[in-house]
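Both complexes below contain chain A, partnered by chain B and then by chain C.
Entry: the complex of A and B
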């Protein structure tokens, strides 16, 4: 690429102004949803905290899952990753927002509102006492600080070296930066796996501290990877509406994204089904109640909706080659997947109860007064993702607009932008 | 690709450090070199020595089976409560080894990883022979292999059906499907090469045999068109098998209630372990093969390096599996899980097996992080050997240590393999290498026609 061509592309690959507008609108939607959440929190406080967790885990998943996909791309290469690298990097740079939004959860932990193991009378149970060395408030918060520190570190260097590549004119310098990115990504993936696993145990699994499942970390990892990939697809389709950028994102890129999305959907189904089959077959009293709470009393319908919407439907839709290659039909599947991710987290988090079953908590003491309060609690699960998402998207739009939308210094860029027939 | 070579300013960036095929080869030289292995070259002395040893061991297997069938499975060391031992350990070990072959031939084909081309034929053969060895164990564990058809659901006068909820039953379907699809895939891949050998053979007998195997292949455009479609379809069919077979093998253990077996992570962790062991075996076989037959041009350092990376990644997943099992055994606060963990790691009589497992399967393979180790064939060979032992130990630890201390302390006992456990295991290794050496001698170990397609400038531009 000659110097003038490079200078030319730097101007054309900036984010379209529509990105900033979308960010502003998202912020407005977020504030409105936040007000609704506050109202809901007064009607049903216990329901509110779990609903908040649904939204929180969803959006943290987009940020942290993006890290994993960037690193997978650095390790394996390919044009599919070059064209979504910048949106993924911007998504990872929203981690400060998620760190601040953890404060309400910290408050809920301190005031014993979310996790049964924080409630003194529950913590007396033998089974909880055994885990007190791990499940206690200072260690819990310390671990969360550690996870965020690791994620910040990964996000900081992945973004920094990627930006440095843009201005590096010497090919040797670019090569060196590429090696650095690769060398960080190997151990980075390992770090991602470990931090996400324990974050999954801490934030979600410990809602029912008597329950355990060894595949749980993988299940959350693949869920987060799926969320961030679907989100990157949506971003790409929105950006490619801009005329200057329309030629960048080609059917073959969407084809590859569609294939990856299909692989993630299948992996999620594989992990979920394995967990279900093994626990169902064992039918052990310490494990099966988790599924009992999620398959009876109306929750069974949500489970069926997950089987259909989170697996069967996207699976069938993504089999078609044409549908994967057409941006407009791929984005529909990506949006469906994002919605079902929220439903999956709702199904995972909302049926848990603050009181342990041994203490007669089976009658869902946490959902408060029944009737109206219950409805509010369920609706809140779908408002909190909007509230948190508003702030997240606003920050994301700023980050996205702050850099060129394509990694100008990436060696694979030329190949990625070449027409299918080899022209460049 | 070709046009880029002409652009002077691009050279610095686009040179691949290790190509999939060394420069200087043409379609004719590739065909000559690979077909000569079968048709022209004098069989190396090493082949005869290797064959003598493997065939002797295969005969040990024959004698063991004869004695087993006439006497009964009491000649093995497994007894209550360790009702499953070497027979299942070796079954899982062998079937796991096969998975790398399927991954290379099917998944890497679909992912358009062209470096797979020179090792896929060989790896598929490895799969097939490994599955054959694996199948022997459950078959003979029935004690009456001539009644093995009872495992199939068919209407019979006894009114007995297999238990459809049992993963042992699913195993019958999974493994037999796996064996048939692998065989078909391998054979279909060989057809164009059979035709090449038929056309080049000087010996009348070879001409006739290869001619029949080539099914009248003439290499017309229509033949190729149908061939490509069929091959891609078979690859699509084989892909889920990489996951499903070992997933079902893991269900054999995980759907039970036994601590040490009942763990939800078993399916992905078994699949990763299978690929790990399989790639170790691929390297164990290809490193001597490329050396003795002078195939360094076709099986380059890039193949070895990529295989090493896959081993590193899958090995880390296996390590993650161990970690989660241990963490959750403690976190579960279940008395039985906690006891299993303690017994397995330090208080039980088999603690040494777990310690060895960690050393061989987790600690030593970390050397693969080093680029220099990945480029050193001697280190790769030794690490692969160690991993093969480690993955065998993993199955030993899972099966024996979980069973020998089950819920009822009065039934606790030790398991000690007898000489016939060992002779059967070593015998299958003999059988495996016998088949493999015959394969190298009589069939093209590297796919000739696929190698021609990856020569620079040979392939038409990939569609978008």
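Entry: the complex of A and C
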């Protein structure tokens, strides 16, 4: 890199103005979707809360999953991570939005609208009463505060030291910051694994408190990793449309992102199938109903759609080397994966109370009120991700624009920017 | 008794001391119309194999077929054993319990693909190859250390001993040598 080019880098790698415009548009879409959600909430309150959880878990996944990918990159290195580090850091800094958006869930917990264990005295099963030592409101909320505190801490230091690298001129200082980032990332990955496992159990699995699965935390974890990676790919493709940045994101980077995406898709299928195979083989009365609710009635079609859209199709598409290397075709797979993540959460969360409309009433039809209200509940599952996503993306665009899009002080930057010939 | 059509030499070898030059030279040679050529480097250079024109390989297709054969074979084996040859009632489940067949089907798919990858690779690249003319150039030993080589083979229709040697020199090669058979 010549001296002249070095002087330019600070401005060259600023976010293009399109990022701000997209953020503004996302906010408008979010507000419109929010209005629809409020209307839906009046038609079918019970359905609304489950749908809200779908959107909430999806977007929290992008924020928290990004933390994991940043830390994986600090531990393993590589050009693939250098070019998406800043988008991932910006995604992790959206955690305040998700913390605020947890307040409605806290409200639903206090008013006994979402989780059956919040009213143990009404629970049919004795076992739920015995679980009250863990599943009670103060402890539940306390744990959530703890998860967010840990995630904030990771996000704060990973972003802070990364930014400090940009302005550090002394190579020794850069080296020291790199060591710090690495030393945080090792224990950070462990912390991530533990907090996400418990968050998955608390926020999602406890919707059906009589049921449990020990692989559940891993399932949510890999789902979140997949979501944030797919989201980072989409971001990269959007910002690489800017002429000044086009040379940064090369086929070999997309190739690596595509390989990682394929690995995450396979891992998700592996964990999902493991859980299914074990429960299906055991066929025990306390375990199998969870799958009965999700495989019979109309939900069976959703399950098949997941096998195809969340595994088979992305798997086959990502086998092609050329498709991984071409940004335009990789982004299509990434968008498919993001959509299927919503469907997966819908399939996981919604059947805990609902049945598909043309297959009769749900487990608590009393909450819904039949046909129309059920349909509203299903539709809501796909509107809440837009509503929450609007605010999330607006904040994300601001965070992304607030710093250079590349870690200027990263020792791997020059290698990452070198073209395939070894030219700089 | 050599065949009359056989060229006098195997080809011409150019030596470079850095990867950038060998990639540029290979690209130029490809533009010039040379097709029967090969490049040698101490470590894999992705751009180099693309420049030589190696990116259109048949190996991925062979691996895919191997995987599909493993997939169908593994599933068929289990179906034959569990349903036709030795039906057993396990926990009241149907004889054709597909979820239980998936893990082994997955394993045989990987096995088939891996076998196809290894043997397909050996079949396509001709290894093991006890003799290769490039080793007749003394400097070629450096190909496993810090030098990069481009060989244009004499069987290339565009090959001309004088012209090709001159062309390689013009690309900034450290040295250009004939490769004897």
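Keep in mind that, in the parts below, the second predicted complex is superposed on the first by the 401 of 424 C-alpha atoms of A that agree within 3 Å, B and C clash if a C-alpha of one lies under 4 Å from a C-alpha of the other, contacts with A are read in each partner's own complex, and residues count from 1 in each chain.
Here is the rule we use: contacts are C-beta pairs under 8 Å (C-beta built on N, C-alpha and C of every residue); 3 or more make two chains touch, one makes a residue touch a chain.
Values in this document were obtained by computation on a predicted structure and should not be read as measured data.
Colleague: For the overlay on chain A, clash or fit between chain B and chain C?
Modeller: Clash - chain B and chain C, as placed by superposing on chain A, overlap.
Colleague: For the overlaid complexes, name the partner, chain B or chain C, with more touching residues on chain A.
Modeller: Result: the larger residue contact count on chain A belongs to B.
Colleague: Tell me which partner A:411 touches in the superposition: chain B (first), chain C (second), both or neither.
Modeller: Only chain B is touched by A:411; chain C is not.
Colleague: Quick one: is A:281 in contact with chain B, with chain C, with both, or with neither? Answer first, second, both or neither.
Modeller: both
Colleague: Report for A:252: first if it touches chain B alone, second if chain C alone, otherwise both or neither.
Modeller: Both partners, chain B and chain C.
Colleague: Applying the touch criterion given at the start, work out whether A:193 contacts chain B, chain C, both or neither, answering first, second, both or neither.
Modeller: It touches chain B, and chain C stays clear.
Colleague: Looking at A:319 after the superposition, I want to know if it touches chain B, chain C, both of them or none. Which is it: first, second, both, neither?
Modeller: In the superposition, A:319 contacts chain C only.
Colleague: What is the contact status of A:130 with respect to chain B (first) and chain C (second): first, second, both, or neither?
Modeller: Touch partner of A:130: chain B, not chain C.
Colleague: Which of these chain C stretches, 112-120, 148-156 or 166-174, gets into chain B when the structures are overlaid?
Modeller: 112-120
Colleague: Just which bits of chain A does chain B share with chain C as contact spots?
Modeller: The overlap between the chain B and chain C interfaces on chain A comprises residues 252, 277, 281, 420-422.
Colleague: Note which residues of chain C are touching chain A in the complex, please.
Modeller: Residue positions touching the partner: 18-20, 23-24, 46-47, 50, 60, 64, 91, 93, 99-100, 102-103.
Colleague: State the interface residues of chain A toward chain C in the complex, per the touch definition above.
Modeller: 252, 273, 276-277, 280-281, 283, 319, 321, 420-423
Colleague: Hey, which residues of chain B end up touching chain A in the complex?
Modeller: The touching residues are 3, 12-13, 165, 243, 247, 251, 254-257, 262-268, 316, 320-321, 324-325, 328, 331-334, 369, 461, 463-464.
Colleague: Quick one: which bits of chain A touch chain B in the complex? Just the residue numbers, please.
Modeller: On the chain A side, the touching residues are 126-127, 130-131, 134, 171-172, 174-175, 186, 190, 193, 197, 201, 210, 212-218, 250-252, 255, 270-271, 274-275, 277-279, 281-282, 284, 286, 411, 419-422.
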